[in-house]
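Shared chain: subunit A. Partners: subunit B in the first complex, subunit C in the second.
This part shows the complex of A and B:
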């Protein structure tokens, strides 16, 4: 059997069209990767996002419910909160790290959730682009602002 | 409604709807909450002034709603993780949803006094 290529079907990577076991030409599967397939694909972003939602979700359950317990339930609830209370909490690196982790994880978790919602309901490509542009801008702004506030907090501002 | 969408109803769909609605609400609150906390960089007075409005009865009621949304989203999120990663998760998704609702109800009753007690005393006097 010859290994000549037939003009009608392109060669499958690494396999000739005819050989002893395949007297009839091998037909290329419709989505077979060939040499012509671009190397870079979109990657596994959606898988990573899916996994991130679950991992950050578990951590956020602990961080946020702890936060709610401290702010709203333990000694006096919301009526105790004020500048002095914040100063007391952020005097400890432990609570700074807690709040920083909560800020980043919650913002990224929520932002990715809203990205999914936009993708689901905004049917026109232009609408999706604008809404996601707004979403990412607001997310970056809020994360940076919150991070700056935690790191530059000054209890003796007055 | 997008073409080709099939809403199946019952526990699976409604928990999904509730998860979305609570998630979006919490996310919008989060923006506001980071902004109000950022006022500690402006001045103690500015921060205390805004937080004072959070201690009013109406905002306490909104706060109770926020707690309701956060608790449901947290508990149902754990159920979603169980559905995805536990081999029997999909089979028991309904039982898990009703467990979520049960735990949520207990926690909401538990949150009544801590979150709304101050507001009730303010409105009705004590």
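This part shows the complex of A and C:
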């Protein structure tokens, strides 16, 4: 029987830094639960966020697929899109509400999704803080700008 | 099917059926080095033996410093969950022949917990999450003078989650747990489920509240790694989904 190994534990060249009384440091898992971790981080926010993802997802299926069909497929596809096309659609409150709902739901759904991605992947508290700050800023800016445009759109602008 | 017949002479069963395998073990020996290294062990073994037998052979005959946990050796104590060929399994329930012995068989400690030595990890964060969900029967009123009776259907409701052996294969296969170790993890939720859906227990609401945490059930991303990893065949992701559902229906 062969007992050949590529000896990680074979005779060590030179003196080892570590022995039984001075073992190598153990690498702690990041942010292991310690006495310093806050006791209660309970609340219904994550529950609501989870529920919101599913509900907004269901509504987005209708809104987004409808949007894509109207914009890209039906009646000549993309070639028809222009200022006049947008002005024509936003003349109707129905499409205003449609686009407003799509804007808010997609932005909140997408940002909350990215928030969970950041929570899942960013390992340091500082990285999380900065990424989320950037995310929330971009979200608020886009939602406000989009809402402003939908409500103040003037077809006679020139 | 016909009765199996032993048509080969018995001496065939001695040496000829042994095969040579390479066991590639992820080693960390803090008394020697702070480096983590792969070490190959070549050994002859019956392919119908288990990875645990191969580890024993190494420890008893080749290198006594090899360190791992095991107790029952029969898949019931939950001591020897490890990452074998990149998947979390119990070494005592994994047959050599089932994991392609032609190639080196990799054996690593489970992920997401601090490695103390070789395949031994610090299970404390795992058991902390387990203790947090109060894994014991909670009742009000006087102690009954006889058993607490339960219908067969009521018992069936949480049967699946009673099978857990706390091996940590599920929790240490979960990418959310790998990130920061703050997530309660599938095993804690499975063991909360065990009591939340027990008709005799009266602290279900309290346990749901505990899991309604920022690092509770809502961190689950439905990856199904836990269900794949569980050596007891528990439908872990389903149990987590049932806890989520119970939280939503009780809140709204």
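Quick note on the criterion: the second predicted complex is superposed on the first by the 116 of 158 C-alpha atoms of A that agree within 3 Å, B and C clash if a C-alpha of one lies under 4 Å from a C-alpha of the other, contacts with A are read in each partner's own complex, and residues count from 1 in each chain.
Note that in this section contacts are C-beta pairs under 8 Å (C-beta built on N, C-alpha and C of every residue); 3 or more make two chains touch, one makes a residue touch a chain.
Just so it is clear, the structure is predicted and the values come from calculations on it, not from any experiment.
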item	value
Partner chain in contact with A:82 - subunit B first, subunit C second, else both or neither	first
Partner chain in contact with A:157 - subunit B first, subunit C second, else both or neither	first
Partner chain in contact with A:49 - subunit B first, subunit C second, else both or neither	second
First (subunit B), second (subunit C), both or neither touched by A:23	second
Which superposed partner A:61 touches (first subunit B, second subunit C, both, neither)	first
Which superposed partner A:119 touches (first subunit B, second subunit C, both, neither)	second
First (subunit B), second (subunit C), both or neither touched by A:105	neither
Subunit C-contacting residues of subunit A that also contact subunit B	120-121, 123
Subunit C-facing residues of subunit A, complex	1-9, 12, 16-20, 23-33, 37, 40-47, 49-51, 116, 119-121, 123
Touching residues on subunit C, where the partner in the complex is subunit A	20, 27, 29-35, 37-44, 62-63, 65, 112-116, 122, 125, 128-129, 175-176, 179-182, 209-210, 212-216, 218-219, 221, 244, 247-248, 251
Subunit B to subunit A touching residues, read off their complex	2, 20, 23-24, 26-27, 30-31, 34-35, 37-38, 40-41, 43-44, 47-48, 51, 54-55, 60, 63, 67, 70-71, 74, 77-78, 80-81, 84-85, 111, 114-115, 117-118
For the subunit A and subunit B complex, residues of the former touching the latter	54, 57-58, 60-61, 64-65, 68, 72-73, 77-79, 81-84, 86, 103, 106-107, 110-111, 113-114, 117, 120-121, 123, 138, 142, 145-146, 148-149, 152-154, 157-158
